[in-house]
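One structure, as structure tokens, below. Some questions next.
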Amino acid sequence: MRLSIRNQLPGTVISVTPGEVMAVVKVRLTGGQEITSAITLEAAGALDLAPGTAVHALIKSTEVALATDGD
Amino acid sequence: MRLSIRNQLPGTVISVTPGEVMAVVKVRLTGGQEITSAITLEAAGALDLAPGTAVHALIKSTEVALATDGD
Amino acid sequence: MRLSIRNQLPGTVISVTPGEVMAVVKVRLTGGQEITSAITLEAAGALDLAPGTAVHALIKSTEVALATDGD
Amino acid sequence: MRLSIRNQLPGTVISVTPGEVMAVVKVRLTGGQEITSAITLEAAGALDLAPGTAVHALIKSTEVALATDGD
Amino acid sequence: MRLSIRNQLPGTVISVTPGEVMAVVKVRLTGGQEITSAITLEAAGALDLAPGTAVHALIKSTEVALATDGD
Amino acid sequence: MRLSIRNQLPGTVISVTPGEVMAVVKVRLTGGQEITSAITLEAAGALDLAPGTAVHALIKSTEVALATDGD
């Protein structure tokens, strides 16, 4: 599958915190950064996400804002 | 400033491609990955973004999807 | 690849309208509806999108709002 | 009301799964596809969403990514 | 039409800056704040947006991040 | 910190409704409007959000849709 989603960052699941309908998943990216994803509980189950699962974090470019230091 | 945005990934601008009202900015994250951001042209100007600018990529956790290998 | 993105709607590209850095792509879904996607020009090129290309429209559930009739 | 939101897909609610602050709503589109929406619990209540409710799924074009087969 | 979108902020268009496929619209909210919207050029045309047009800015709650002062 | 996020609306927290992994925060903007934000429970805790907390609502322009009256 080829995705229009420009940002496909490989990493490994660190934790999956289930809520009633949503789940928050923490991923250690291969670059060492930690990234947080909020998806539906259903999705977390469908992908069998658990600590150690290899994943890609998918982020559409229109969802990426930028910040610089300074005022 | 403290942000509710969980994902604040440091990096350096590689390129800024201006359109008429939008701009696409490529950033090399400190972890080595390349990330693409689509922001307004106005925003790119306001932050004086240019190759070499130190930035943080800001991504709300609800905007991060996940993918695993396999069918 | 398995995606946490719950909405994966099959269809066929009707048109690709390129801008300077973004592109607007119209897709006829298999259900007959027309859907509009705004992605980066780079992404449209990387996927070789053209009228007739078979695609899936990917929409994270947190991006789907709902409306009902009535006031 | 006229919306700038390009994607307004008619359908019928299949299920509403309430969480503590969010709700996941499944909708059968008139084209036959199933679509999942994650909205606030408050919104689900305000719209009196229940199985059988006629709705439109609203999706801004910048939130629609695309995928093609192949590597 | 009743929307699940929790944030419906009334205001008046100040400017519409067209790009090739996107448009950036500035709106003066009734509260006095200025808000910027990036929509497709098609949408801006379909709503006949021009300075003085009365609008509502629609923002899904999952798209609203928060910031506080301090480190 | 300078943000590419064009919409930075000052206000004060009215309420914080915690879920298991998400939280819904209501903010009274300085213009008098009420705005709703859905963020992770973790973020709400990290920012020590409580009624009376001074905040800015941050909204990327690509997340702002528009509506006009009429059909």
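Note that the chains are named A, B, C, D, E and F in the order they appear, and that numbering of residues resets to 1 at the start of each chain.
Convention: contacts are C-beta pairs under 8 Å (C-beta built on N, C-alpha and C of every residue); 3 or more make two chains touch, one makes a residue touch a chain.
A quick map from chain label to UniProt name: A, B, C, D, E, F = Mop domain-containing protein.
Computed from a prediction, not measured in an experiment: that's the story for all the values here.
Under the contact definition, chain D and chain E share the contacting chains C, F.
At the interface between chain B and chain C, two copies of one sequence, fewer than half of the residue numbers in use are shared by both copies. Rounded to a whole number, the gap between the C-alpha centres of chain B and chain E is 22 angstrom. Note on chain placement: the centre of chain A and the centre of chain B lie 15 Å apart, centres being C-alpha means.
Mean C-alpha positions place chain C and chain F at a centre distance of 28 Å.
Counting partners per residue, chain E has 1-6, 19-20, 22, 24, 36-40, 42-43, 47, 56, 58, 60-63, 65-69 as the residues that reach two or more other chains. Chains touching one another, given as pairs, are A-B, A-C, A-D, A-F, B-C, B-E, B-F, C-D, C-E, D-E, D-F, E-F. Partner chain C is touched in their complex by these residues of chain D: 5-9, 24-25, 27, 29-33, 35-39, 43, 47-49, 53-69.
For chain D in complex with chain E, the residues that touch the partner chain are 1-6, 37-40, 42-44, 46-47, 58, 60-62.
Here chain C touches chain B in the complex through residues 1-5, 19-22, 40-42, 60, 62, going by the rule given at the top. The touching residues of chain B, when paired with chain C in their complex, are 17-20, 22-24, 36, 38, 62-63, 65-71.
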